[in-house]
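Letters A, B, C and D mark the chains as written, and numbering starts fresh at 1 in each.
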């Protein structure tokens, strides 16, 4: 009896989980990046392959506890025919094939983000994370970022990056904003650096998540394909305000973007 | 109460599977400790390597006087290994007086090593070296790496001397036998061999050339 | 069976004083019980912390009973501040991962059972064994003490990523002495684990009784032995990591702190360190650690299940043991999968991803061995058996998540979402806990000489099993939306709509916690009022069932134990004890 | 136990003197104006040789059961080899550091 109950419970749990996944009760938001479809495809492939293993595993467990779950005592014991050999072969072949497929397809998806050089004509934005806000810096009309002087960082005087606008010519026209605006369908290159802790740059819709590592600059590049306003959240534990560390990403058409940059430049 | 004590106290032999290593448990335990301690030292040394590779202005501050001090320390430690071997040999032969002599010499050499090492430390501290400061203006990591790696080793040497003192006392009181001395010897040789890495990596690689 | 001679008893009488007998005891059985008790206390504290977290997540303004009293600053009026939420989370992780999951299945059951399994009178180094418990205990006290110091427990998570954990009090409340105590506590835990691992290895190698060849070792002992090697090497790396972290904090070094960090507009006096170095060294230990937690669970299930399926495991002792050894070895080469998006070299991501996927092969073999051992069985549905089945189901579900997180591309979406939380709670958390429950219900008669109540045990199982799925599978699914972990409140726009889901999880988690009181009640009731246990209530074959319940001080009352059979000589109601001279019936 | 008297004290003294000579060679090499990379490689090779000789002779592994050799060396080397996974990030730290 308990064996049959266990089997039924396991089947119900399996079906419920299966439904939630197939019906997308909780699911990823629509992708807005060029590399995103690779990742989505990879996730779907994994859901399919791993899902089959999951369902098969749970059903085998349920079936066995259903069939052999009562100790009547009279029944003759049986061993699994063939012993462990078929199980080992199954594990090596089926899981092995799945691993090969996932590794090959997966390395393509990963490579499309990380192994490709950024487009030389990318829009460049310098990103600085700190407790507990993101700041973005555009190079301005000269197309050059001025050097950073951490000792000059002062939130009171709004010098978030530590720019020395009095001495560094390149810094004079740098535009610092609290919102990340990028043009649609244009490659973007972000250079991430942190002023204090480890933080992370995560935009779900972009399928981009990259940590900030204090002390080093990490480049990340992508191309957005849809306009709209999206949330940037911090996903690396950075201290007490971690939950509230966010900013917005606005993907704009090229003319809107140009206007926005002009506006921001005027506000500096 | 250990298995062997039980065997002795119950008066009848408890039959056991023979150890696949053919060695008694103390010695095997020491070997396994050595494996793990080697990994601990390795982590420190790899950390030092990481710091060095990642730093832009790593200095090489050791003048030949420091290197010479290091050479003398190395020779002292190697000699102590030899006297440790002699001590083990003497205990195995049951020559108590000779064993005491060699154990004493080993402890003496270990102490000399520690004193030479501390002299080097105090000299450097006097020159302004700190865990977080490099008086020559190079990477501040130098002090951190040097003091932590050699400090870990020095801790091992000093605890080795103390352990040897305990073992010698127990041996003289008849509580310990040659196998205890031999096990302590393994530890002593291990500390010696770690120095064979610490000396070239911490001193020679940082010699002013 | 009770032929302990007067001669033998007179010569190795157990210690008489209370302190020597129950507190600073060198008896492996007392130490095993001490570790188990420490595990139960940790489980209770960790669970209570998780309730506070869950309530706060579902109802951010709710006042949580006792919390305001525990920390008037951290939770004014019982409502935790964001930083206190992180402290609760840090301590939940630390206490659960180290003091429950690492300590109980290995050091608790292992200390009690391993010497008996191999037929020895005690561990190889009894005094070292006592030292490792008390060092662990001091570590535990230091960890708990952080609740009572002015600025509270650290908030940098159980992973204590630098520089948050390394720069000191400027990083936030709890990062002062709280983090110092945490570092010392974990360093002590490392030392204790190293000593314990050394003891386990030497005992298994050198103290086996006549006839206890490696092929006749019980599978739980195999698991503890393999696990001791994994611990030995993994904790040997965490120990220096903790020391360097403490040096950074107290000695002013900069191993993990880069230059140019600015907090509150002030530059820190550090330069030249690397946060990635800390992450590497931590996960060098951290990934083997999750297998340190799960390998004893495999061993316990492999040990307990054949007793109730009344047949040997498929493939005998070899397949499962080789699978466990392969998992133990591979667990060292995969740590980078925790760091795919952490700024590690993206090429290294591929180097770590492939072994991570490969480790699923031995894991799948182990699970298949467990599942197909049910084939043609004649199961006895006792509570331990139910927990074994629950373990298999949970481990399948949790293991599936591994396929996702092992791939850098997929991980770049799922990293730091509640998918990860669900995944590791299933695999290293609840799977290990279910196996520990199986072991607890199974060995309770031997450890305390009384049977546990089966009805309460079964209620405990069914409620736990269903509720565990409600809590942690929902976390998995919610993670697919990108819901970020380690947030004290859901203020991000896309996370606000997840509040009902969160409330559902919280209610299920509270019920799951309440269910555990059935277990606590059962333990206490059975300890004093349970029916007396026979020497071999489960009709099992291994040596612990060949002595009295509980075993005498020297385990076998001075008898020479000679072993003739493997541990899985079952055929239906027939079984052959390991020490029996009868003919083998299962051919293992 | 351990009646492994295969070597005389004279041979031990020879081995220790040999180790001292290797240390001498290391010191001489240090002042040969080699590149840092070559020097490191040479020093590590010599140090490993010393450690190997020390473990085999001073610590008797040569005269113990072969299994001991096949336990301690693989276990330690396993961790040593794996720690080399740190280097790519050490170089990244040098290359990508802020202010470069």
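Basically, a contact is a pair of C-beta atoms (placed from the backbone, for glycine too) under 8 Å apart; a residue touches a chain by one contact, two chains touch by 3 or more.
Only a predicted model underlies this, so the values are computations on that prediction, with no experimental measurement involved.
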Checklist outcome for this item: Busiest interface, counting C-beta pairs, is A-C
Item to check | Chain occupying the middle, per Cα centroid | outcome: C
Checklist entry - CA centre of chain A versus CA centre of chain D: separation in Å? => result 43
Checklist entry - Just curious, how far off is chain C from chain A if you go by their C-alpha centres, in Å? => result 29
Item to check | Euclidean distance of C-alpha centroids - chain A vs chain B, Å | outcome: 48
Next on the checklist: Taking the mean of the C-alpha atoms as each chain's centre, how many Å separate chain B from chain D?
Outcome noted: 15
Checklist entry - Which chain D residues sit where two or more other chains touch them? => result 75, 79, 83, 86, 89-90, 92-93, 97-99
Item to check | Of all residues in chain A, the ones touching two or more other chains | outcome: 150, 215-216, 218
Checklist outcome for this item: Note: chain B residues in touch with at least two other chains are 20-21, 24, 35, 39, 43, 50, 54-55
Checklist outcome for this item: A full list of chain pairs that touch reads A-C, A-D, B-C, B-D, C-D
Checklist entry - Which part of chain A faces chain C closely enough to touch in the complex? => result 1-3, 6, 9-10, 13, 17, 20-21, 25-29, 38-39, 42-43, 46, 49-51, 53-54, 57-58, 60-61, 64-65, 68-73, 75-80, 83-84, 87-88, 90-92, 95-96, 98-99, 102-103, 106-107, 109-110, 113-115, 130-131, 150-151, 153-156, 162, 195-198, 200, 202, 204, 207-216, 218, 231, 233, 235-244, 246
Checklist entry - So in the complex, which bits of chain D are touching chain B? => result 1-3, 5, 9, 12-13, 16, 19-20, 23-24, 26-27, 29-31, 33, 36, 39-40, 43-44, 46-47, 50-51, 54-55, 58-59, 64-65, 67-68, 71-72, 75-76, 79-80, 83, 86-87, 89-91, 93-94, 97
Next on the checklist: Using the touch definition from the top, list the residues of chain C that touch chain B in their complex.
Outcome noted: 7-8, 11-12, 26, 120-122, 124-126, 194, 197-199, 201-203, 205-213, 232-233, 235-237, 239-241, 243-244, 247, 251-255, 269-274, 277, 281, 554, 558, 560, 562
Next on the checklist: Taking the touch rule as given, give the residues of chain B at its contact with chain D in the complex, in rising order.
Outcome noted: 20-24, 27, 31, 34-35, 38-39, 42-43, 46, 49-50, 53-56, 67, 71, 74-75, 78-79, 81-82, 85-86, 89, 92, 178-179, 182, 186, 189-190, 192-193, 196-197, 199-201, 204-205, 207, 209
Checklist entry - Tell me, which parts of chain A touch chain D in their complex? => result 147-148, 150, 193, 215-218
